[in-house]
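In the two assemblies presented below, chain A is common to both, partnered first by chain B and then by chain C.
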Partner chain A sequence: MLKYSLMRLARSVLTLVILITVIFILLRQMPVEGYFTNFEKMSPTAIDVGLRKLGLKDPLHIQIGRYFLKLLQGDFGVSFRYRVNYPIAQLIWPKMLVSMKFGLTSMVLSLPLGMALGVLMVRGKGRLADKLGNAYIVFIEAVPNAVYFIFIQLYGSSWFDLSILYKAEEWTSMILPVISLALPSISGYAMWLRRYMVDEMNKDYIKLARAKGVPSSAIWFRHVFRNSVVPMVNLIPGSLLLTISGSIYVESLYSVPGMGGLLVDVIKRQDNYMVLALIVIFSSLSILGLLLGDLLMGVVDPRISFAKKEGSR
Partner chain B sequence: MSSKYSLQEKLSRKLQNSVESGVNASFGGKDDLSAEEITVLDPGLFASAGYDEKEAERGGYSNYSYWRSTVRMFMKNRMAVAMLATMLALLVFTFIQPLLPNQFKANTVNYYASDAVWITVDEQAKMTVGGVKLTKGDYPVQPAREELIAYIRVPESWGVPFVSVQAAGQEEADAIPLEPVPDENNEGWFYVVVPKETPCMVVKSANGEKTTFHKAAWITVDEATRGVTSSTVMLTAGPIVADGPEGTVPVYVQTPASWGAPKMTAATILRGDKGVEVQLTPDPANEGWYYAFVPVDKVMLTILSEDGSVKGANKGVVRAADPTEIKPVVGFISNMKPDDIFWFGTNDIGQDLWARMWAGTRTSLLIGIIVAAINAFVGIVIGLLWGYIRKLDFIFTELYNIVNNIPTTIILILASYIMRPSIPTIIVAMCITGWISLARFIRNLVIIIRDRDFNLASRCLGTPTRRIVVKNLLPQMVSVIMLRMALAIPGAIGSEVFLAYIGLGLPIDIPSLGNLVNKGRSLMMAPSLRYQLFIPAIILSVITICFYLVGNAFADAADPKNHV
Partner chain C sequence: MENKEIILSVRDLNVKFSLRGKVLHAIRGIGMDLYKGESLAIVGESGSGKSVLTKNFIGLLDNNGWIDSGEILYYGMDPQHPVDLAKLKTDEEWRDIRGKHVAMVMQDPMTSLNPLKTIGWQIGEALKLHQNLRGEAARKKAIDILSDVGIPEPERRYSQYPHEFSGGMRQRVVIAIAMACNPRILVCDEPTTALDVTIQAQILHLIKELKEKYALTTIYITHDLGVVANVADRIAVMYAGDIVEVGCADEVFYDPRHPYTWALLSSLPQLGIKGRDLYSIKGTPPNLFHPIRGDAFAARNPQALKIDFLHRPPYFEISATHKARTWLLDPRAPKVDPPEHIKNIRNIRKNMTGGQCNG
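And now, the complex of A and B:
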């Protein structure tokens, strides 16, 4: 298992290096005027000096090399547009905490609720609970979430007299954003759990167990549920880690000072090192999330082993 | 030299011997085929039998047809059929909408007509003045330069109204009566021609009981929003309070009960003017109302509660100075609520939302369908290669890891930097990386199916790879591919909404659902303008839900496992 994990990590590092290089090159294609606020009024010399100061005049490979060297020392560099000359790590850290607070709260809420809904739907397959649950899932999956997020904010705040914007000192102002975040993930968990459980239920060993006279509750929880949860477990570390990245819609609607719109914002402002730092963080988290998910699956389900050659299961 | 065997017997003996011994056995001498006999033989006997594609594929004699069963299964799902009908109707309607009569263009800015006004009087005798060109034909008469056509509509119970006009500030007794003429082109409307020097109008019902005349300003303060609504209708139960001093206008005020006795200050429109306090007197005739006489030049009113802690927030909405005049409204027909001319209302610069709605639906569907088609095509081709050809697996997997982590925003910004923001830009930007998830999905499926027994058999029989891919692999995946396609369309529409939301969408002169929803969102804090959010949001949801359900139902129907 250790060897397998190390191998995968090594490959991820390679991927990460290529990814950073590609994005580095892409970012250099951005127009020059994006680096200055008052480009029209600047003389060519001033532009030249400005670009030199940002280190954009050096050959590309030297720029990339310099960046990697700094990254290896754990230094993300400084922001040069978002907040001038402010260390990126210090800029991002508090935002991450805010986004995590929202993400984790909504996950704590949505995981049990989504699973409960999924189980409820399978138990009452074809009946009212299933139909209602399906209608909910279809609605959430089909309608772009911008639309219902707006309505939640609009009517949630007026009907229940909640604050329309997030205020750090008022915990009630977290209710609406957390609900907005939880609704789509509840539907996701319920949908997948229902699908896996239906698949599991139709398997032969369940029929055997039933024929043998195993009590229904034991079949449901010892066999069907436990086996169906395995593929879901795979997703949990990933979504847990990616709570850091926040949600663009929710955070901008409630003006939460989180990570949500940060990436879009810094790309628009051409704050290249901020963009790179965010991409390094997000992609390492998603790679790590996948790896942890696979390992966790091995822990939960003893039949899955990574020690052997891949694909042998 | 002759043999005891005939030619036919020789042949079958030779064949039998050859098969048994495995070599081209020779019988030597007379029993073998002679050279002459070989030339006589039909060469057709030695040609290979040929490969009949149809016969080879025939799996029996059932009349099962995949597509027919799929359609039959689909038809069983009533809900999906209804959705499909809705979807098709919507699709067809978006294209015939511009051809219908009385349509506005999506990007045309509508102005008020300047030589006519439309006045509607409702059951509460409230008079509203609009300025939209509503007449179906031409104007009944051509107004002279100093004249104005006034169209009037009163509740049916009023009968033919009495209309009189007067100059501003004149007594009602001096009013000049006019004869309202029913307008042939617009049922229920009367018109009169008003000289511009007498722009104040009184409309009375046929029996003279109901009057609408602007003389006092009526102001209501709403408890929740503290917003101030004002109207200029004669509403009082008793007679209007005694005439005030010269140069004042009577103003009636109603505030929430919790406010106590309200206070009011009146100021001029100059900025920074603190204003003077005006004495409010409870009106005996109308319970809950207070009245005051406000100087004509001080029309910016602020209404405070008794303790001064809350106040009516909308300063200056009350144009108390002379509310009686009927003037054609000039400028854009902005933020008009849905009515019988603008079916979905207008936006802030007077564009017809009904036309924009359908133009936007067209744009969004176009983007959705093109993006889904391109992504499906590229995704399927690459996914098949990726899954079937082992050597490509590593390259594509690394490519996937990288491309999947590049944020779409970067690509979009670069794309909009290279090209102008337009529909092709959006499509290109969504397609550059959009195919990769479908390709990955197909690849996983191919890997599952690739080494199944029937494929091994095909390979052993020497079926070409292309044929295995097209005939053995693809049909297995039709249902999932259809599902992904159907979901890709609402997905692309959703990403268009997202792009508009983060400010990278289409320019405002190309209406799209994303633009419209986003525009509506920016107005959501004004309750009276929320129709601009609701209408596009509802249409967007209907379209995406239809596609989603139809796609799901079709995928179920296309799965051969369900064709029993």
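And now, the complex of A and C:
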């Protein structure tokens, strides 16, 4: 298990290095105006001097090497356009914390609620609870969420007398954005758990368990539910880590100073180092999420073995 | 036979299913007795209702099926006051029967075990329910049962997961779980169909051994007449949701009377006549969505009588233990000779000794 984890970790790091290199090279092909604030008024010589000062005229491999060295020290460089000459790490960190605060709160809420809804739907499969649950899921999946987000913001704030925008010092102003974030997640968790449980409950081993006289509550809990949670476990670390990426809609509706939309913003403004920094963060977290998900699967599913195959007998 | 104790008695059982808005009459008025300690084989082609019939004994009929009428009297709890299994509905009501009185071995051992639990845990679950054993006592008992069903190194195997077992070994585990319930009746639903031919004999031998050791009553569901020949005391032949012939194994094998039994036996490759095509039954089984008039097999029976298409035949007794539902046995019926294959079997019988039904 340890050996496997280290191997996977090494491979993840390699993936990341390749990914950063490729993105780095691609971003160097972009127009150079992104490195200056007053590009239009600059003479070609001034531009040349400026680029030289930034080290952008050096051979590509030296530039890349330099970037990795800085990265290892936790230095993402500075922003050129988003906030001029401001260190990127200091720029992003507080935003990540805000997005994470919302994301984690909504996940802590939606995971148990979504699973409860899924179980309720399966237990009453084809009956009212299932139909209502399905209606909810179809609504969430089919209607663009910007539509009901606006309703939640407008009616929620007026009916319950809540702040229409996020205020850091007022925790009640988090309620509406967190509900908006949780609604789609609840639907997702409920849908997947219901699906996995329906799959499990029709399997032969459930019939055998019934035939041996296991009471139905134990069948539901010890066999069907327990086995259906396993495939979901794989997804949880990833979604947990990516809560830091925030949500474009919710954050812009409530003017939350989070990460949502930041990537699009900096791409539009050609702030290359910012783009690079965000890609490094998001991809490392995605890769780490996958890795943790797989390792967790190995813990809960005995069929997954990280050791060399012995062969079954 | 008369002094045999009845453990389960099915009386005029009708089972129906609702499928795509139509009603399917899957079991059409079956009556049969199961004797304590015997081994009964139910044979018939796919869709004849073999599994559906026995699922009623353990309350595991699919949700779209129901018992329309009839009784299933179980005498195993109190011989004076039988329980009517046909009246049990909820899992709660079935709890005392399932496992404890009737246990089941299913067809496919590859999918019959929970993949995420050790086999020790799965046997322990049954031990806790039916023998009230926990902890160390349960572990000891489970290991005993594992070695009982012929699994080598039971202590090591106890803590392994199903995927670490081969198909044959998994079927032994499934049997071990059934034995952990300590049942009176063991229903084996095609227990060897999914297994390698070389393993089949071992599993059949094992079930037979356990039957003797624990005085079980066993029901085999199968379409493999080779299996039947090995294990059955009595045979019930099913066709289109009805038992068309029932008798001691030797009677049904060597002196079959129903045209369907003739056809079934004639299709056995072992009985084929060299140089000729293997016999096969023409046509398809009747559609059970529609009511059946007369003898269900008549349409596929080249020697069918006129009355076969009009009235359903009653049972005619050939001996105290052997009866068949065919008009051919009516004294007024013309003499119809069984096919050549069947005559050959009868000749084999003449050279044999014994072969009495000892139920």
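Here, the second predicted complex is superposed on the first by the 302 of 313 C-alpha atoms of A that agree within 3 Å, B and C clash if a C-alpha of one lies under 4 Å from a C-alpha of the other, contacts with A are read in each partner's own complex, and residues count from 1 in each chain.
In the analysis below, a contact is a pair of C-beta atoms (placed from the backbone, for glycine too) under 8 Å apart; a residue touches a chain by one contact, two chains touch by 3 or more.
Remember, predicted model here, so these are calculated numbers, not experimental data.
Engineer: Return fit or clash for chain B versus chain C, each positioned on chain A through the superposition.
Structural biologist: Here chain B and chain C can both sit on chain A without a clash.
Engineer: In the overlay, answer first, second, both or neither for which of chain B and chain C A:299 touches.
Structural biologist: Touch status of A:299: no partner.
Engineer: By the touch definition at the top of the document, which applies to A:215: first (chain B), second (chain C), both, or neither?
Structural biologist: The answer is second: A:215 touches chain C but not chain B.
Engineer: Just chain B (first), just chain C (second), both, or neither: which does A:261 touch?
Structural biologist: first
Engineer: Let me test your reading of the model: by the given contact rule, A:22 touches which partner, first (chain B), second (chain C), both or neither?
Structural biologist: After superposing on A, A:22 lies in contact with chain B but is clear of chain C.
Engineer: With both structures placed on chain A, which of the two partners, chain B or chain C, ends up touching more residues of chain A?
Structural biologist: Touching more residues of chain A than the other partner does is B.
Engineer: Look at A:204 in the shared chain and tell me whether it touches chain B only, chain C only, both, or neither; answer first, second, both or neither.
Structural biologist: Second partner only.
Engineer: Does the superposition put A:147 against chain B (first), chain C (second), both, or neither?
Structural biologist: In the superposed model, A:147 contacts chain B only, not chain C.
Engineer: Figure out whether A:227 sits in contact with chain B (first) or chain C (second), or with both, or with neither.
Structural biologist: Only chain C is touched by A:227; chain B is not.
Engineer: Considering only C-alpha centres, what angle arises at chain A between the directions to chain B and chain C, nearest 10 degrees?
Structural biologist: Vertex chain A, arms to chain B and chain C: 90 degrees.
Engineer: Shortest C-alpha to C-alpha distance from chain B to chain C once the two structures are superposed, in angstrom?
Structural biologist: 9
Engineer: Between chain B and chain C, which residues of chain A are contacted by each of them?
Structural biologist: none
Engineer: Taking the complex as given, what residues does chain B use to touch chain A?
Structural biologist: Within the complex, chain B touches chain A at residues 398, 401-402, 405-407, 409-411, 413-414, 417, 490, 493-494, 497-498, 501-503, 517, 521, 524, 530, 533, 537, 540-541, 544-545, 547-549, 552.
Engineer: Once bound in the complex, which stretches of chain C touch chain A?
Structural biologist: These residues of chain C touch chain A: 58, 60, 91, 94-95, 97-100, 103-104, 106, 108, 111-116, 118, 125-126, 129-130, 161, 163-166, 169, 174, 177-178, 180-181.
Engineer: Can you check the complex and tell me which residues of chain A touch chain B?
Structural biologist: 12, 14-15, 18-19, 22-23, 26-27, 29-31, 138-139, 141-147, 150-151, 154, 248-249, 261, 263-264, 267-268, 275, 279, 282-283, 286-287
Engineer: Would you pull the chain A residues touching chain C in the complex into a rising list?
Structural biologist: Interface residues on the chain A side: 203-205, 207-216, 222-223, 226-227, 230, 300-303, 312-313.
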